[in-house]
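Before any comments, here is the structure.
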Amino acid sequence: MANGISRRDWMKLVGGSAIGFMLTPIPWKILDESAKWTQSPSFPYGRQREIQIHSNERISFSHTTCTLCPMACGVRVRCASERGRGSLEAVGITGTKGHPISDGSLCALGVAAIFLRYHPSRLHRPVKIIGHGKFVPVSLDEAISDIARAISRSSCESVAVLDNQPDRAISHIYRKFVGELKNGFYINPPTCDGVPTRLTDQTLHTGDLAFGYDVNDARMIVSFGTPILDGWGTQRQFASISEARRCGGDKKLKLIQVETAHSRTAQIADEWIPVRPGTESAFALGMANVMVRERLCNIDRLRMYSADFDNAAGDSFMKLIEKYPPAYVSEKTGIPADKLVEVTREVARRKPAIVMFGGNPGSGPFRLDEQLAFMGLNILLGSIGTKGGLKPRGKLPSPYYGLHGSDDSNHLASMKQLSDIPDGSIGVLIMDGADSGCAIPWETVERKLSPAGHTIVSLAPYLAGNAVHADYILPSPAYLETADDVPTPSSATVASYSVVSPIFSAPKFSVRPNGFINSLAEALNIRRSSRSDFSGMEYILKKRVEKLHSMAKGNVFNAETGRSERLSGLSLPQFLERLKKGGCWIDDGPAELPPIRYSFLGGTHLPRNNVPVQGEGNNGPRELVLLPLGTRGVLTAAQSNPIMSKLYQESGLRMSANTVSVNPSTGRAAGLKDGGKARVRTENGTAYVMVRFDKSVMPGIIQASVVPLTKSPDRAEPKIEDSVIDICKIDSDSTWRITNAMIEPA
Amino acid sequence: MDRNRNNGTKDIRLVARGVNRMPFGKFLYLLVPWLIILAIGMYAIFLCLAKGLNQTNMDNRFAFGVWIFLDLSIIALGAGAFFTGFLVYILKREELRAVLNSAVVIGFICYSGAILVLMVDVGQPLRAWFTFWHPNIHSMLTEVTFCITCYLVVLSVEYAPIVLRNKKLKEVPAFLAMQYELHRIMPVLAGVGTFLSFFHQGSLGGLFGVLQGHPFAFREGLAIWPTTFFLFIISAAAAGPSFILLTTWIASRVSRKRLVSDNVFALLARISGSLLVVYVMLKSIDTLTWLNRTVPSLGLSGIGFFLWAPFNIWILFAEIIVFGLVPSLFLLFGSGRLRTGWLVASSVMVCCGIVLNRFVMTIQTLSLPTMSFDRFMIYTPSWQEIAAFLFVVAYGVIIYSLSFRYLRLFPQEIEMKVN
Amino acid sequence: MLPWVYGFTWQTGNIIFLSIFYSVVAVILGSFSIAAIRAFRDLKPDRLDEIRWHFDFESLPEFAKVCRHAFTGEVNQRVCRNGFDCRTCKVHSKITGVPRITKSVYSEGEIPFGLKISANCLYHRGHTWVRVESDGTLTLGLDKLAEGLVWSQCEADLPAVGTRLHVNGTGWYFRKEASRARVLSPVDGEVIAVGGRKEGFYLKVNPGNDSDLRHLLKGLEVGPWMTSEVERLEMALGASDGAVSLADGGVLLDNIAANYPEQGWEDILALMLLES
Amino acid sequence: MNTTDAINRNASKGTDDVRGKTIFFFGIVGMLFLGWIIFPFFIYAPVAQPVQFSHSTHAGDNVGLKCVDCHSYDKDGRFLGIPGTSKCAGCHSHTIGVSDEEKKFVDEYILRHKEIRWVVYSSQPENVYFSHATHVKVGKLDCETCHFGHEFTDKLRPARFSRISGYSIDVSGSTLLDIPSTPSTGMRMDDCAGCHNKRGHKESCIDCHK
Amino acid sequence: MTNGNQVKSLTGKKHNFGMVIDVDRCTGCGACMIACAVENNVPPGPVDATDRTGITLMRVYKADNGMDFPDNESVFFPVSCQQCEHHPPCVSVCPQNAVEVDPATGIVGQIPVRCLGCRYCMAACPYHARYFNWWDPVWPEGMERSLNPDVSLRMRGVVEKCNFCFHRLQAAREKAAAEGRDEIKEGEYIPACVESCPTSAMTFGDLLDEGSEVYRLAQSNGSFRILERLGTGPKIYYFSEREWVRNIAEKDPASALKRGATTD
């Protein structure tokens, strides 16, 4: 017992050590350090984050132009370069102050765009899709030879390029390329923002002269479903509308929203006229009826300038609108006749007035016959070519031809729309990566594809949107890496031009669209002599700028100083330098309006003598109308930017993907619960949705949000769930305004 | 043949002399479910600490979830420790010595459990000591933190002699001497404990009473404290004895023994009842003042708070009348006459009333909208939250069972065998 | 928290709050330290015996603490509050001053449950007897009840000659395997001789000059006390279906302990020897 | 145990006491040694600089550089910290031949256009905001006020980082219980606060913590 | 803590920064929310984040006139920390002084590294403008390269809120210091949300500067504050010409229920 260490001795040692321990810094230091650990970048995983936030970084700013949609916003990118790391990174983005088109503003998508280079769905090599959501890497050469083989094989089918943002330099390259092919198509989606050139050509016979909306001077806007306050138009137009709406007195702009859905614009417009689904054109014709009947328009003048306004023989606009007296329209639209008359009188009184139509990125364009009704209203209001109305804008030169055309222009493919293409005719489809900002339901494209087999190539940098349907994805450089140009936004009344110079060099794996076209042309053995025409974006842009410079008119905005100079005072290198550094050329004013004649019923398209009113009659007891609604950039990578979760997922500001709003009465009648899950069934399929009761939604309507499905952004997944837009009924003219649907609890 | 009353108790060397305890095997068997709950709870706590509070269903609106509500509840129920100590040592009600040890153990369990859950509940437990290092004395939570921590130390010191008196431990001379000396200073600790309890029970009330942003919880103040400060003290003092009564009854039912004399039950009931009557009275006055003065002065109508389903006006009625006035009258006037069963039932109601009050102050407050474009919200705790709380319950049951088995929680137990 | 810690301000509220906090901490730590220091000082055998007895006595149930005068009927229902030390008890000195009225059912020498009470012995409530020898020394031994309870094959840690004993302090220990029972010393004094098992475990004690044996039971008190102790034993054994039943008034089994495992028996023995 | 054992036990009690106390104090002293002598070495991990550099040579009479000659500001007032190799290359575009370390530096970094990953003693935690411009240009502080002595160092000592928090010992300090001591490095929060208090600047948490 | 009048700010002048938001202009586009998140290194919410657990230091709420179809009218309220002036509810409740009002700027500062994560301040804030980091801050791979170097990350388990992009004020001050100025110039410092607003609905500035636009708007007829009745003195003013919009700010949340509507 006396020798050896007893338990008691151990206890004493432990006791002594315990007291000694408390007198050492060990416990206190560990307490303190562990708290500091929670404050350090190594918390909680015990290792330092790879990227730490350094405040000693050198900050610089670069200016360029946003390419996420055609609206040509000037952006100022804040870049940080950390010594040692050597690389430059975008750490912030704002609008370029004083920019003639965007005036320093950006939309939510633009503000978040610095993250797009690291978008989880960005592809890091050319891939070949081998089934739903599965892909294998493929070398560029292999892909090109495959595509070239597909093109040469499809002798009876056509080769088409789907270009979301027309009139860019690369668009001209595409047009030239398909123009060289035997049966090539160059396709543009319908515009979200401007007046469709086809419509102006039909009604005003102005050819390819494009019209914009002069919202700056308008005092009244009647919008048939245009998301005027929700992503429509350029930032300057948006700001100007906002400003004008707040003005007091005479200058105040009044906004009347004629729309079935309780869209964002309908929510905050001065007046919301909730017409029944599909009856917008009936309301427009009703307005026309009132205007003519009450002599609110210059009928004599219209008779003089239009052949089909009041035509004793054959069809005429008068005859058409006679069928739409207020009582009838009221019955169709559900809007009291008094209201129609009152609104029409106010519109006629508050000139200049503009009638806008369509353009919600989710619900798509109106049918042409409906558009004719709206355009007719614009003509009645005398808004064509006048201040505060629809104004034509100047054209931009092509890199291949001057403004007045040349021999080269013969080789450019004509611009077509999807509805122009015969069903089942496309053998090879090349989709440009640029976003249009609008949804293109895949079915509209799909039904044009050859059933005998087709090859689809996407040049998008991301596996997002319609790129998931492609066979080959050749990732082009991402945002801020791409060399491009931005032509006049389609809503603008004044021509403009910006050059997009890459701020960051594109990664090696990326495929430049012009390079791809060049290689493809080479593989197809087309015009070896003029290879340079396809290649060298720098060269093409320079050529275009050169032609623009030779016009010697307009102003050039210098992004670095925030001031504008006359183009005529600048040398070509100076001009090029200004443009490359985020500058912008802007025309002096709208184009000259040529002498026009009005064709209310359209030039070539025979009008239907009755604009059909959809969405009624066939409503069974449980049949409702499904109205898809989206915001700009819908279904694109910009929209599914992870940080957009702030709007769609982490706040109630915007409804997340596949969420539908229904009136509580409608919902309860269908047995739904607020916040519950439901199944929406249409003739095209079934979508699973979340239901939100909203008492401001019209009864009988399923108002559905079209947003990229947010789940599993990291990998391409087999499409398990249909998005709402996938189950919409696509008409033969590639529109999808109205879909009958059933909803039931899931 | 059961020749020895402690036959089969392998741990007889630890069991107090002169009392009967169930066989060790059976004891373990009864503890197994609680040990399982303890293990599940531990896993839940591990998840919360390792992965963060996203494991809970709390959110930015329900920043305080079920844990805070239950913390407030168990601290109120644990008030029996301070109040019994106060009655025994300061007011010399020696009759209550019969439940004093049990009260101390319950207090210890409640407070240590509450602190444990709080440590899981905060986002950065490793920074918990910042509150001591950089205290903001204007915060009720600072007061609560300081007082609860100090009081847990006091309770540990109070619990220590009870442990040291264990048959085996007291054979160590140092332990024997220590328990004796600790026992001698107990009145001082009881006094300190009463002081601390007074403040933290009150501060827990003040916690929500000071929230000017939540008119539903906001109360005008007396001196620097809102009225809820005082209401919480009185309600906790009233609920404490009830809970002691209840736990003693449960312990005696589970062990199938009489542990204390009936007059102790009656005394506890009387104390609880009379305090509760005072509480109900003050609470009613406070509610009326709040409805007619405080809320209108903030531009609202008080009744608006009680229109939101499922927390309609019934909750106010239940809190004050059903679980307040009714049991208080039973306890007060029935303490001498009614059977123990009635007193126990009333105590259950008292405890429910206190828990309901804490629920109203925490959960209902947070669920009500403050801005007109806010929504009314409810929240369902995740399994981790439930499990972590059940951990505390299991921990309490286990500690109490072990204490009951190996320590002399009820000095009257041997005597009760005679009667 | 501390004046030199960042963010400390000398505001009134801060000072009040922190002074209260520090006072509370000081009181808690202070009283704890006092207890710890006192406990450290208490680590002397005599003092520990005192504390042990204090604790043991406190833990006795009320019915085991009946005043000796209640056995004789001199008082009604009195519970001892003085640790069975009548020498310093005011009530005792008061009662012994008046003539005795006896209600005892037993006369001197009578034997309840076959237990022999020796008339010339004084009994201590820890079941020891004290015999005053002619030379003024005292002989201590176990009474019959305790003798019957102690294990048959056990060892005893008898004190060394020269050890000082104290009333209600440790007399000696019985020990069997891991079990142990303590016999309280009934008197003060110095051990002058010890007798082992063969001699029947006795101690001879020199009480010194001021020997005071007033606290020991004698005469009529012993019988009722012994009866109540047998009842206590009976209760401790459990009134259930045990083989050992004392209620028949039969002779106490000599080796009652043999029927019990040491573990369990230790408790009963200790309880009877006033250890809790 | 019998009676004799008990006697023995009593006799050996005295030596047992001494022995027990010795063990007890051994426990205390051992722990103190461990805590005060060993532990500080253990908790901080030394990290050597990739290249040696002599501030005293560069700032000395021979070269005569001022601090701001290398440690400069950006035009928006940002302090740029340790200069990049391009700045060094101004003189050391090829080996001058002053030391082996210089040769190594030129060969491995300058000629390969590589940046040196300096280990920064004064690297403040991510949550700290510190503006050199405000302190130097408005506050008129010398570099030595905080980086005292750094100018005269001939060698770069290894930086020491806490193994737990990862903070440099120069900025997070090594004092116990925040008991004030002489400012050891000048870049701990207490040093900042002490200096601000001395100059009568009241500041809020957000002035320095982001 | 410290009395504002005695404060000698680091750069001299005392400010009281505030904001006026013209809700008649706000279209609820959400650019401010995104700009805020990008500027302040707020990570995108993980897959299971919801509107109740996500972090949006600036959040746009939709409010309406309470009417059913077709008379429903909406308005959007961008709500960030309201930077309360008098006894901000969050300041006095923080147990460890992690929240305080900067006397030199009037900005309510929240120090994440001091925060214990008790969330008492969140319970106290009637504007729900405080957000808790329920998750570790994680960005998709590579994306953290684009983080703002001027703002530190908030770790999991702490509360955060809008601080009027205080780092921008610091940058402006540093720039002023580098240029030898004591004071920043007007317009040098505006928060990211204000900068990003496409309709210029937000005006930011010094409420003490009587010549400033923000002062003029805050004093104008249509200006109001949300829950002004609580007496916390929010420094974010709202502006509307419509009376029903102004009434929303003080309306009893239960008023719809009182009219007999159900709570669904």
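As written, the chain order gives the labels A, B, C, D and E, with residue 1 at the start of each chain.
Rule of thumb we're sticking to: contacts are C-beta pairs under 8 Å (C-beta built on N, C-alpha and C of every residue); 3 or more make two chains touch, one makes a residue touch a chain.
As the structure is a computational prediction, the values presented were derived from the model and not from experiment.
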Interchain contact steps from chain B to chain C (minimum; 1 if touching): 1
Higher-contact pair (C-beta pairs counted), A-D versus B-E: B-E
Identifier of the chain whose CA centre is least distant from the whole-structure CA centre: E
Approximate Å spacing (C-alpha centroids) for the pair chain C, chain E: 75
Separation of chain A from chain B, taking each centre as the mean of its C-alpha atoms, in whole Å: 60
Averaged-CA centre spacing for the pair chain E and chain A, given as whole angstrom: 31
For chain B paired with chain D, centre-to-centre distance based on mean C-alpha positions, whole Å: 49
Touching two or more other chains - residues of chain C: 5-7
For chain A, residues contacting two or more additional chains: 34, 37-39, 41, 44, 53, 55, 57, 59
Contacts with two or more other chains, residues of chain E listed in rising order: 50, 53-55, 61-62, 64, 97-98, 113-114, 136, 150-153, 155-157
In the complex with chain B, residue positions of chain C that touch it: 1, 5-7, 13-14, 17-18, 21, 24-25, 27-28, 31-32, 34-36, 38-40, 42-43, 47-48, 51-52, 54-55, 59, 61-63, 178, 235-236, 238, 240-243, 259-261, 263-264, 267, 270-271, 275-276
Contact set on chain A toward chain E in their complex: 38-39, 41, 43-44, 49-51, 53-55, 57, 59, 80, 82, 89-95, 105-108, 110-112, 114-115, 117-120, 229-231, 235, 238-239, 242-243, 245-246, 262, 264, 267-268, 272, 274, 642-647, 649-654, 663-664, 674, 693, 695-699, 710-711, 713-714
Touching residues (chain side chain D, partner chain A) in the complex: 12, 15-16, 19-20, 23-32, 34-36, 39-40, 43, 74, 76, 78-84, 115-118, 125-127, 129-130, 162, 164-167, 172, 176-177
Chain E to chain D touching residues, read off their complex: 2, 6-11, 97-98, 100-104, 107, 109-114, 150-153, 163, 166-167, 170-171, 173-180, 182
Residues of chain D that touch chain E when the two form their complex: 73, 75-78, 125-127, 129, 131, 133-134, 137-138, 200-207, 209-210
